[in-house]
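Multiple structures follow.
Shared between the two complexes below is subunit A, which has subunit B as its partner in the first and subunit C in the second.
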Partner chain A sequence: MIDLIEARKNQVYVNKKDSFNIECDKKSVAGSVSQRACVFCGSRVVLYPIADALHLIHGPIGCAAYTWDIRGALSSGPELHRMSFCTDLRENDVIYGGEKKLYNALISLIEKYNPKAAFIYSTCIVGLIGDDINAVCRRVSSEKNIPVIPVHSEGFKGTKKDGYRAACEALFTLTGFDNESEVPKHSINILGDFNLAGESWIIKNYYKEMGIDVVSCLTGDGRIDEIKKAHRASLNVVQCSGSMTFLAKLMKEKYGIPFIRVSYFGIEDLSEALYEVARFFNEKEIIDKTSELVGRELSAIYPEIIKFRSKLEGKKAAIYVGGSFKAFSLVKALRHLGMKTEVVGSQTGSKDDYDYLKEICDEGTIIVDDTNPLELSHFIEERGVDLLIGGVKERPIAYKLGIAFCDHNHERKIPLAGFEGMVNFCREVYSSVLSPVWKYSPAYRKRKGGIV
Partner chain B sequence: MKAQEKVIEKIADPARNTCRLCAPLGASTVFRGIENCIPLLHGSQGCSTYIRRYMISHFREPVDIASSNFSESAAVFGGRENLHTALDNVIGKYQPSLVGIATTCLSETIGDDVSLYIKEYNEKSKSDVPVVNVPTPSYKGIHTDGYRDAVISCIKTVSKENESGDFINIIPAFVSPEDLRHLKEIASDFKTDAVLFPDYSETLDGESWESYKKISPGGTLLSDIARIKSAKASIVIGSSLSRSGLSGSLSDHLPNSHFMNLPIGIDLCDEFFGAFEKATGKQLPEKYSSERNRLVDSYMDAHKYFFEKRAIIAGDEDLVVSLASFMSEIGIVPVICATGSDNPAAAEIIKKYAPDAEVMSDSDYATVLDKAKGMNCDLVIGSSKGFYLSKNLSIPLVRVGFPVHDRFGSQRIKHLGYRGTQSILDNIANAIIEHKQNSSNIGYSYL
Partner chain C sequence: MLLRHTTDKVAERSALTINPAKTCQPVGAMYAALGINKCLPHSHGSQGCCAYHRSSLTRHFKDPIMATTSSFTEGASVFGGQANILEAITNIFALYDPEIIAVHTTCLSETIGDDLNQIIKKAYQEGKIPKGKKVFYASTPSFKGSHVTGYSNMTTGMVQYFSENTGKPLKQINLIPSFIEPSDMAEIKRMTSEMGVKFVMFPDTSGVVNSPMDGKFHMYPKGGTTIEQIKSAGDSSFTLALGRVGAMSAAKLLDTKCKVPCEILDLPIGVRGTDNFLDNLRKVAGVHVPDSLMMERGQLVDVMTDMSQYTYNKTAALVGDPDILVSTAEFLVDLGIKILYVVSGTPAGPKFERRIKEIAGEDVKVKTGANADMFYFHQLIKGNKPDLIFGNTYAKYIARDEDIPLIRIGFPIYDRVGHQYMPIMGYKGGLRLLEKILSAVMDRQDRDAPEERYELVM
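And now, the complex of A and B:
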């Protein structure tokens, strides 16, 4: 068994063999080479897809450089979110304060790009140098007559999850404004879908067919005016629950909107998501349409999946993703392909999430919170895994070990949500696992005892 | 009087699609170029992760960079404890021969005394793993500064003064792993013993493995860094390396150093190989005079595609300087030369090579785009971030430098020497022809 960093001993759990409580929701231990980013990253990824807002990063250049055009979040209209704006603080600003620079940047950018709102992200040093960004935001907001919203996302003030929370707080300040424009009777908000490779559009089409309107998608293909009327929807449907359940809770408290947590990945979770929304409205017509939709789509994709399954059955997988809801769906989706999950982990899972993972995973599956390259590579080698599902940071681990890889992170270029997404996912897995290249990998040859 | 006051009060514009990266990225790259070295950033977790993610996309290799992962209390009371824990864990798990610490805006702003922390750590832990420390606040300097300062810090910490030895140093700016391999090949062909530092030619463009390696193999040996100060000569390539920064000046630590620009284009390559001949006392191997002659031949072959083409060169100062020289050699007119760094000396050199160019220092891509509209530019040469220009101006982009996130083979782009120049020349000619071919009825099917 691997020799873990002492402080991480209770973050690695062998299912149905260990009996302690998995530790989670804690800061990464220093020197562990965590795959997590920081508070700023959490806020940035959640708010990023809002396409008609100005996203201004208040700090030195790094945070802006690394997040320019970073997500594959598509927009059907404006694309202001794909620009990277930064106050670009220099030494003098650190000494004398950056408020003036922030004010000037906001005024000039709002005049140039005419956004519907502006988000101002605080980075690490902003709090330390004492900038009162709330005051600057209030001033610019009144001068320019658009919402100018501070996002308190100093990198060190917690984990990525705290960044999600700061983003939710920022979004919450935009709700409750539009009580005029029409909102249909059967209407929902989609929370936590970011329209990666157009996934929100796929999901929206399902709801449309079911007879349900989407008031606002937070934040995929997001628009400020839609968020302003989001409080008038009947239900919040939360995907990627780690990032946006907090907003759903705030909206429930203030506007009385109930929420459900769903996933649009994989057959069961997706079908259940649609049925659950249909049941919420509890009208025969909606339920009938939903059954028809699910039945039709399933029978369309099922033969495809069987085809892939015949090639993939018996292969072993490791999953390491940001949010644990995605991990649940992936464990189930892999089961449809006859694949066994040997390792599963997330950056931001909660105690409840890990309890659920324990429930759905087999005996012996390694469940891990906030892992790192040394642990992950060790588990992959120890378990003889054939496929790793993760993001770009995990990719080289898979390829160096001569195993297949599926990118399920926010930079993906192919939609993996929805029924067609399930087929795409299967094809992604299939086309990597079945590639003829592995036989040349020294690690692969070693695994096969030199015979390939 | 009033006008003067206004000038003083002028506040810099915000950065829009920046042309710079932060200093810790440069330092981390240098640390990855030392054998069995692990970089450790003293700051927030995000700094390490973002830089890792950025480098992995380009190099397609594992890039482990540890973090001391500041908490709120560390930001208030100092990061000593976090740094000590990080050193404990990173030394325990990676068993490195060297830990390279780079600071961040956060630890610099609160004024952490990292040298003191390291001293305390060594006393407390009895660790014999050497630790290098380089100050890299991202509000002062950019990635090329972090790179240079890390090179200087490593030499200062590791290298010992000794009697002069029969070898040379080659210190390159931030170039590709393929370029580093080429530099080693040149030294080998000159039959000269050379220390190449840093050398991430294997660590950031490695082979397929049989089992997972904690730290990618390759890199300059510590024993080689230790002897840098006793070389008979040092060849330092890249204008950013000649500036002095937070770690002092490279020339103070190198014996008999020749500072020059990256060898791209015939003139700069001749200067570079000339310096090699002088430093080694040996003649240019025939292989390279042949490469030079073939390059000259292709200048003739391709000149019509280049003449008076108007180019935007954007990216790291080291590349922009040398590309400006090369482009001018082949008849292309650099009309905009933009860098993210603020180096008046580099701007001067660019102006000398490309007198018609608008030289934009400390610039960003959106400002370049504003400027370029209406200038009838024909092509962009720069990193893949230049795609923003290329797409908006509907002109081709020739990808060079770092980062190249949207193409394959970024680690293997050749820039340096007659060979690298040849490769860039071919790519430029082909980009121009492809653009014509795609937008013309003539076909360009037989040239």
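And now, the complex of A and C:
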């Protein structure tokens, strides 16, 4: 193994199914080429899909520029979330404070766009100059009569996870308002699905078929009015546990809504998710409908998967994604394709997550927390990996190494959730791994010659 | 109609930017630093800054972009980031072994007031920097200027730290390009070599951010200017800065620090821009323009004349980075295209406005700096629709809403390839830009032509 920097030693582990405790939940080592982002990024990605809200970034222009419409979180209606609004703080504001600028910006934006609510994101600099954004938000809220919610997402205040938490706190303040409109008996909230490439729509359709009503999807294709009545659902179904479990816990405490953690990726996890929700309501009709749905969909996609499997069997994969729940599902999904996971890691996994990973991965699989390109490329070469699954910063690394890539992050263009998503996933893996372009890759040529 | 809310009435805005036509300094600094051989850019701020800049550059170049971060914490923000960067320097050399670390600041570290000069000195003194290795920095607060300013500051930092007048003059000239594509940097080098002129160009990102696929991950691809070369720039006979906003500051510093005289030129886009560049090169190096380049010029002029009926009297609106806008505008005017609007989020000042008006006439509407954003640009376009839009990827929303062809130039371009490898500068690059313009105009004509006027030969 390469020389791991001392401080990283406990964040890399070769699976022996022993009692090794991977270190996680810690800040990246100063000086590392971390693939991670900051608190602001965490809040921004979680709240971004709420399409009828105003998202105003209070800070210098960069934070707004880099998060302008970068996430394919689809909306079925308003698209206000795809605009980029920023107070664009300049030197004078840093010296004299930006509260007035924030106030004026808010007033004019609310007058112009009539949003249902406004989220105000604090960036690093706001945390330092000490603008009282709570006060500004309160004032604008009372003047304009809409919720104006401060999101305390100063970048330096922790990791991306702390940003999720700040976003959850912001969302929580919106719940509990609407106690009038009708909420059906069998109803849930979907938490932690962001409607990338329309995934929330697929999942919602399943629930509809099962006879279960979705009160609110947090936050995919999200609407403020739905969030306002979210507290009246019977169950919170949490995907992407890293980002949204905190909100589920808050809602459990205050409104007594139980929650379950699920994943909509891959056959087992998806089926189990639907069954678990059905079991929660424990009514024969729902359970029957769910079995029918799962059975029908499985028999529809299974032949497809078998086709892909025949071409992919024995190939090796590496996974490096943001959340660890996604990693679990991917390990299992790859197994259906006969592919072995050689390396798996996440940016934000917790201790429990890594313990579970140890359990489901084969012996010898390398498990990493918060890796960097050098490490990652080393492991990929060492293990002769054929496919990397990751996000924007990992893609070119895979391609330079001459191996296939599948985007399982913001930039995916096709839905990977749901049963049809599983087929899409297989197709994407298949078309990347078997693309004729790799015949120009030295790694491929070397392997063909039998020297790995 | 993503931008359905935009109206043609331009309202006064004092407090906000809607859909920016710029981004912040550090990303420009990171890009400039990648133009040094075996250099690892380091972001002195929160983790997010570094991640965003790397993502942004990765999306634009489709290449791995390496940079490290000080990973600021709450503590660092109270007590200063000295401990973070000292730890970072140790870790970086231990783990990634670069020749040089180029540190840039962020809004966070600037506001805290970390004295990086002193901190880096301390790192040298404490032996945290291995022998022969280098660390330097540039101040790039995000609340001033734009990504072009950051690029300029980092480039100036290179002169500040490394260029040296040793008293032994070298028969070479310096070329300092503004924030442009690696393909354009390569084209400028090719033309200069064709002229038979010895030169040092910095920064030079060609070969770094458009590196070949060879089945390996290279932390430091082959390209980039070496420190030796940057050092020797202090002994050069002359400096040509290409682009006032992005390249002037470094050239001026070479003049004051090392007594290397300089000329500030526009970027060599189009006939006039390239003529001017080669003419200056010819004069300062005492060489002739070779037939090979005259041939390229002739070919560009040939296509311009062949196709002039398609470009004449068309109208255009431009948004992006000032140096690229100036030279593009000049080329468009030479093609008979009338320029209506020029917008840049980079505060380029009155000189820029004067230069654009000199090129495009008094009627052109120019705005830079505060409130000069895509929203404002869109409002102008709604008022009077041009035939063509020139801008980065973010202009595509406007192009779609208003049904106007977009020609992608500048940074960032996330949704097309080619810019990394094929230049728009020089005569050859002029041909490429012209081809793009003509294809846009003619595709549109084909699309909109009634059947009886749908032409085979154009």
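Details
Here, the second predicted complex is superposed on the first by the 441 of 452 C-alpha atoms of A that agree within 3 Å, B and C clash if a C-alpha of one lies under 4 Å from a C-alpha of the other, contacts with A are read in each partner's own complex, and residues count from 1 in each chain.
Here, a residue touches a chain if its C-beta (ideal position, glycine included) is under 8 Å from a C-beta of that chain, and two chains touch if they have at least 3 such contacts.
Everything numeric here is computed off the predicted structure, so don't read it as measured data.
Considered on the superposed subunit A, subunit B and subunit C are sterically incompatible, since they clash.
Contact with neither subunit B nor subunit C is seen for A:Pro184 once the two complexes are overlaid on the shared chain. When the two structures are aligned on the shared chain, A:Pro258 is found in touch with neither subunit B nor subunit C. In the superposition on chain A, A:Gly384 contacts neither subunit B nor subunit C. In the superposition on chain A, A:Gly364 contacts neither subunit B nor subunit C. When the shared chain is aligned, no partner comes close enough to touch A:Gly295: not subunit B, not subunit C. When the two structures are aligned on the shared chain, A:Leu401 is found in touch with subunit B and with subunit C. Residues 5, 27-41, 56, 59-68, 83-91, 93-94, 100-101, 104-105, 108-109, 123-125, 127-129, 155-159, 373-374, 377, 381, 392-393, 395-397, 399-402, 440-443, 446 of subunit A lie in contact with subunit B in one complex and with subunit C in the other. Contact residues of subunit B toward subunit A in the complex are 11-18, 20-22, 24-25, 40, 43-54, 56-57, 60-72, 74-75, 82-83, 85-90, 92-94, 104-106, 109-110, 137-140, 142, 206, 208-214, 366, 385, 388. By the touch rule above, subunit A contacts subunit C in their complex via residues 3, 5, 7, 27-41, 56, 59-68, 70, 79-80, 82-91, 93-94, 100-105, 108-109, 112-113, 123-125, 127-129, 155-159, 373-374, 377, 381, 392-393, 395-397, 399-402, 440-443, 446.
Contact residues of subunit C toward subunit A in the complex are 2-3, 5, 13-20, 22-27, 42, 45-56, 58-59, 62-74, 76-77, 84-85, 87-92, 94-96, 106-108, 111-112, 141-144, 146, 211, 213-219, 345, 370, 394. Partner subunit B is touched in their complex by these residues of subunit A: 5, 27-41, 56, 59-69, 83-91, 93-94, 100-101, 104-105, 108-109, 123-125, 127-129, 155-159, 373-374, 377-378, 380-381, 392-393, 395-397, 399-402, 440-443, 445-446.
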